[in-house]
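Letters A, B, C, D, E and F mark the chains in the order given here, with residues in each chain numbered from 1 onward.
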C-alpha cells in the first residue's frame, strides 16, 4: 500500500467529516471557534493514531466475538489518557475568565470513544493492516478530521465573531447565528456542498 | 405544420388562477398594512420595504441564473411576497446592510437551497427574520416610536431613548420580569386597545395595525387565496391559551373579582431569589393584538408551501402555533413567539400531511 | 502499587470478564441460525438493485439463489456469467451460462421519416401519451420520444438523440437488465444476443399495419413484403402480422436482408462501410480489417465463427 | 498467524488481558497526572480571585466569610499580603434577563471597586453579554468607583449614574443590583486588617 | 338550500351554447364505421361478413360474454369491409364499415313517435330485451346496462337515480332529450323500476336547467314514485357517486358499487334507449349529441346514427371553423381529444366540442406551490398534489395507500391547479399501474 | 414538577440533537424514511433507558465507592457495548418481529454518542436514579422527535427536485440548521 496515499486521502477524497460523514457530533459541537475545532481534532488524532497502532498489533490475537469490546476498551483507555492530559495541561481559563479549552470541549472529550471514525478505522483498517500503515492511516484520518474541524471552526468564527483564531477583524459581534447551534449545521451543510463540488472537479481532471 | 390539431388528456379547460395571480393577490392584501406603517414610521418603512423586496428579487435572480442555472421566474411574485413579509417583520430603522443579509438568508438559505418556489420546508421570510433576530439581537430589538413622518430612519446617536421605545409585548414582558403588574405598566405607558388596533405602537413595521391586517385577511378570503382555517385556528388558540393562563393570573383574578365577584386561585411561583411571586399576565385580547399574531396568522402561517394541505391538518397546525406562541411569550426568553412557533410547526407540517389525510369519500369496504 | 491502581485493575477486569461470560452464554442460549451464505452471495452480486433478475433488490435475489436447488430461471443480467460463476462457486453448484444480451430499439422512425399528424400536449411521458392515443404520428407502434426508457436505465446506457428524437443504446454500457423493455409502453426494446464486435442486424420497426398504411405514415416502416424472409439463407427471419423479425440466435450477420429491404427497415450496426451491395463483397469487406491469419480462416470457416475469434 | 477461534476460554482470556492491561496503564497514568490536574483545578478556582484582587499571599478561601444581605448569603474572600488586607472579593448574584448573573467583585479595603469578573451568566449573546469585558466597555464604568459616592443604578431609570447597555436595561440593572449587594455585604462583613 | 354533494367540486364556466335548442335529425351519412368496442368490456364479435346486406337495427356483432354488448347496424346497406380504423380511443380498433343504401329497418321495429306507456314484460324479459338491444350507459362510461339492471344476489336496490345532471360545460344533449322526450323517459323509468324491483325513482337535475326541471316535474306528477330533485350547480355532480351523495346523502364505499348502498344510477339517455328498446323494439342505433364550440356557427343538438363520422355533423353545424385547435369527443372536463374529424360517433359520445388553438394548449408547468386547492376540490377526498409525484416516482404502495384507485378522473384537480400541473395525467397512469398490481396480486 | 421540567427541557429546550449535538450521525444517516426513523427512535429509547440505569448504578455503587470515577468512560462504554449486543441477541430470539423493526439499528447504537453522552450527562447533573431514568427517557424522546420530524421533511423533499449539489447530506444539514433555529424559540422556557 502506498503510504503517502494513505496519509493524504483523509484530507480531501475520504475526509471523514466532509465526505464520509463520520464523527459529526464533535464536529458540530466543538467548532464554534477555530482553536476549539483544532484542539478537538488533535485530541481525536492522538487517540486515533495510538489506538490504530495498538489494535493493528494485537488484532491477530483477538477472537471475533470479543473484537468490538476489546477494541473499545483500548480506545476508551486512550480517550481517558487524553482526558487526563487535557485536564492537567489545557485547563487554564483565559485572562478574561473565558472557560478553558478543556471546559469548552466538555462532554465531547469522553465521547471520542464513540466517534465513529475511531472505531471505524480500527475495524476497517487497523485490524487488517500492519502497524506502520495503520499509524499513517490514523495520522492521515485524524489530521483530515482536524482539518475539517479547523475549517468549520474558522468559518463559524469568522462569520459569527468576525475573527480568526481570536484575532478580531471587526468591531463588535458578527452574525451570532454562526456561533450558535443552528449556525453549525448550516455552515457544515454548505461546507459539505462545496467539498462535493471540489471532489467532482478533482475527479473530472 | 403548426395547424395540426392538438391532442391531450382531459381536462381540456383550466381555471383562471395562476401562481402569479395568487402571489400578487397577497401583495395587494399587504398594502393596507404597508400604508399604515408608512403613516406611522415615515420614510424608514419605505426604505426597509424597498431594500428588502429589491434584494430578495435580486438574490432570486442571481441564484436562478448563475447557481441553479434554471429558468428565471422572478416575476411570479413569490420573491416579492417574501421581501415584503421579511420587511414587515423588521424594525423600520434597521440598517440597510442587515436587511440585505436577511434577504440573502431568506432567499438563499430559506428558499433556493431547496430548489426554489414550492420546495422549501420553512417559511423563507421567517427564516430570514429569525436569523437576523439571533444574529443581530441589538439592532433587531430597538424599535422606533411611531412618530409619523418624523420618525427617523437612522436614529441619531445618543438620542436612542427619545426615538425608540419597546414594543408592547417586550414592555409587558420586561415589566413583569422586573416585578410590576400589567395594569400599572399599561397605565404608565399610556397604551390602549385603540392604539393596538390602529397601529400607534412600536414594533416591526407590518405587525402594528390589526385592522389593516384584518382588511388584508378579508381580501384574501374573498379572493379565495386562503381558507379561514389557519388564521382562525391561530388567533383562536392564542386567545384561548392566553385566556386560560390569564384566568389564573393576578390580573385575570382581579378582573373576575370585579365583574363576577368570583375568586380563582392565582398561580404563584418562586423567582430566582426564592421569593414567592404572583403570576402576572396581560389579557388575551392584548395577546392577539400584539407581537405579530395577526401578521403571522394571516400572512405567514398561511404560506402555502409550508403549511398543511388539509383543513383538519391546518387546524391542528394553527392551534399548535397558537399554543407554542403563548408558551414562548409567557415562559420563554423571547417576548414574541409567533415567528418561532410558525417555524417549528413548519417543521411538523410534513408529518401532519402524512398522518392527517382528507376525509375520503366513502368508507372502505373489506376485500373490495 | 497503590490502592487506586488495584481497584482500577480489579474493577475493569472483573467487568470485562463478566461481560465476556454473560455475552458468551447468552449468545449460546439465544443462538439463531441464519444462512451466512446469503451475505456472501449478496456481496458477490453487483448491488445495482435494478430488479433485472426479477427480484426486489440484490438481497432478495441472493436469498432466492441460496434457497433454490438449481439456478433455473435465476440470472443476474448485470453481473452476467462471471457473477453467476462466482455465486455458483460459493454455493458449490453449476452455473448455467447464458448468452450475453444487449438491448436494441426496434424503431427507426426519426422525425424526418415519420411526420407528425397531431400535436401531443400532455404530460411528457411515453406512458401517458400511449395511454391516451396512438401517438402524434400516424404510426401507433413507434417510439413516442419522451424517454421513459432513458429515465429507468440505471446504467446510463440510454440517451435521447436530439436529432432523431429516438433513444440510442450504448452497447458498452448496456447490461441487458431489461428495465427499458418493461418501461417502454410500445414494447420497442428487444434483448438480443450480443454478436461479435457488437455487430447486429435487426428489423427496426414494430409496425403491424398493412404495408400501404405503414408506408404512408413512416418512410422506413416494415411493410411486410417478406422479401427478407425469402433471401435469408439461415431461416432467421419470420413474418408475423405484416412484421418481420430476425432471430438473433439464428442470424449470422450475412447482411443479405439489409440490402433486400425496400424500405430500409432492417438496420445493420457495427459493420464497416460496404463497397458493393453484393453478398460476396460483404464478406470480404468484413475481412479487410482483419489480420491475414483471420482471412485464411475466414475462407475456411463460416463468417460468424470468424467474427467470434476476434477480440 | 491464524486468527484466534471464538471459544469461551479465548474470549474470556482476551478480554481479561485487554482490560487488565488497559486498566493498569490507566491507573498508572492517573497517578502520574494526579498532581497537575489538582493544580489546574486549584488554579481555576483561585483565578477569579487573583484577577479581581490586588496581590495577596494568604488563602482567601480559608478565610472566607458568609454574610447575609437581605434574603441572600454572600461569600466574601479577604485577600491579605503579609497579614495586611489588600482587598476583598465578594461573590454575588442577581437575576438578569436570561437567568442569574453571578459576579465576583474585588474591592479595595476602602470600598473602591477594583475589578469585576463575571463567573456565570445566561444573558443573550449580542445583548446582555456585553457585561463581559471582552464585549464592551460597560463593566469599565465600575472600576475605580466607590459605591459610597457612585450611585449604582441605571441612569435612564433615574436611579443612578450607570449608562445601561443599549437594549439591555434589564441586564444592566441586574448588574448594578449585584454590585450593590456585594458592597452591602462588604460593609456588613467588616473585614479588618489582622 | 338546494342539495348537492358535500366534498370538493368546482364551477367551470358553463358555456352551454346550445341550451334550450331542440333536437335536429341529420340526413343519413353515406358511410358508417361502426366500432366493435363501444362499451366497457370485451369487444363484440362480428356476425356479418364482407359483402353482406344489412338492415337498420339488424344485429351485426354479438356481445362476447356478460359484460359486453350487442352492436346493431344503424343504416341499411352493404358491409364493405371489416377492418381496423382509428376510433375515438385514438387507436386502430376493429370496425365494421357499411355503405349506406337507405333507411330500411328490420321488421318489428316501431319507428313512430307514438307514446306507448304500458308494458307486460317481466323483469327478466326486460333485462333480456335491454341486453339484446345492445344498450350501454349513455352517460359516458358505456357500461352495459343489462349488467347494472341485474342486481347481484344478496344485494337490494332501493332507489333508481336518473342522471340528468349534465354537469359538463358546453354539453346539452341530455337537457335537450329531457325537454323533448319527457313522457318517454318517465315510461322508461317505470320499466327500469320494474326490472330493478324498486319503488322509488329520483331524477337529479342541476338547477341551470330550470325548464327541464319544471317540465319533468309536471310530467312526473302523473306517475307514482317518481320525483325530480333539483340540484345546486357544481361539477362533477353527474358523477355517479356524487349524485348519490347529493340526492340520497349516502356514500358509495371505497371500492364498492352503488348497489351496495341500495342505489342504481342511469343516465336519461340510457333510460330513453331502454324505453325504445322495450316498448318499440328498437335497438340502440342512434343517440343525441351536442356539437358545440365558441367558434362554431351553429352549436346544435343532433340525433345521429352510430358510426356517423364526426365531420358530417360538424358540417351540419356550420362547418369546421378555420381555427380549430382541438376536437373533443365529450365535454371539456372528461372528454377525449380525437386525432381528426373522421372518427365515428359511438354509443357513448355525448358531444363534440371544438376548441380554438389558444384554448387547446396547456400552459407552462410550474412547480407545485402546495396551495392545497387540488385537495380541496377533489370530490373523492384525495390528495392529487401527492399522488402525482408518487406516480412519477413509481411509488405504487404509497399510491395504493393513498387511495389512487378512488379517483373518478373528474379532472377538477388539473382544472384548479394554479401551477398548471398535469395532475390527472399522472394520477391516471398511477391508477392503471396500481390496478394492474392489485389484479396480479389477487390472481396469485 | 421537576420531572416535567426535565422532560420539557430535554425534548424542546435543550434538545439533544439540535442544541447539544449528540447523535448526529444517525440523525443524518437514518432519517430518510419516517418508518425507519421511528424504528431507530424506538431502539434508542430502549437502549438509552437501560444503559443509563445500569451506568448510573455502576457509577454510584462501584466507581464512587472505589474512588475511581475517572474510569467512567472506559467502564460505561464497555457496559454499553455489551448491553447493546446482549439486547440484540436476546431480541433476535425472543421477539423476531421487534428485531425486524429495531434490530438493524442496534449495531449502529453502540457508536451513537447519545447513549454514552446521556449516561455521562446524567452523572454530571447529579440526578438520582429516578431522575436519571426520566432524563434518559426524555432525551430519547427528544431524539425521536427531532429524528421523526426531520425524516418527515426529508421524505417530503424526496418528491421534489432539489438542486443536485445539495441532495442528500448537505440539504439534511440545512434542514437540521433551520429546525434547530426554530427550536431556539423555546430558549428560556425552562431555565
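One rule holds for everything that comes next: a residue touches a chain if its C-beta (ideal position, glycine included) is under 8 Å from a C-beta of that chain, and two chains touch if they have at least 3 such contacts.
Keep in mind the model is a prediction, meaning the values are calculated, not measured.
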- If you check the contacts of subunit E and subunit F, which chains show up for both? B, C
- Which of A-F and C-D has more C-beta pairs touching across its chains: A-F
- Where the centre means the average of the CA atoms, what chain is farthest from subunit E? D
- Message: Report the inter-centroid distance (CA atoms only) between subunit B and subunit D in whole Å.
- Response: 41
- Note on the structure: subunit A to subunit E, mean C-alpha position gap in Å, rounds to 70
- Query: Cα centroid separation between subunit C and subunit F, in whole Å?
  - Reply: 46
- Message: Show the residues in subunit A shared as contacts by 2 or more other chains, in ascending order.
- Response: 65-66, 69, 73, 76-77, 80, 84, 176-177, 180, 182, 186
- Going through subunit D residue by residue, note those that touch at least 2 other chains and give them in order. 11, 15, 18-19, 22-23, 26, 30, 98-99, 125-126
- Where subunit E touches two or more other chains at once, the residues are 90, 336-337, 339-340, 360-362, 367-368, 386, 422, 425, 428
- Among all the chains shown, which pairs meet the touch rule set out at the top? A-B, A-C, A-D, A-F, B-C, B-D, B-E, B-F, C-D, C-E, C-F, D-F, E-F
- Message: Residue numbers of subunit F touching subunit C in their complex, please.
- Response: 62-63, 66-68, 71, 74-75, 78-79, 82, 85-86, 89-90, 92-94
- subunit B partner, complex, touching residues on subunit A are 174-178, 180, 182, 186
- Query: In the complex formed with subunit F, which residues of subunit A make contact?
  - Reply: 21-29, 68-69, 72-73, 76-77, 79-80, 83-84, 107, 110-111, 113-116, 119-120, 177, 180-186, 188-190, 192-193, 196-197
- Note on the structure: Within the complex, subunit D is touched by subunit B residues 135-138, 141-142, 160-161, 174, 177-178, 271-275, 333
- Message: Help me check something: in the complex, which residues belonging to subunit C touch subunit B?
- Response: 116-123, 128, 131-133, 136
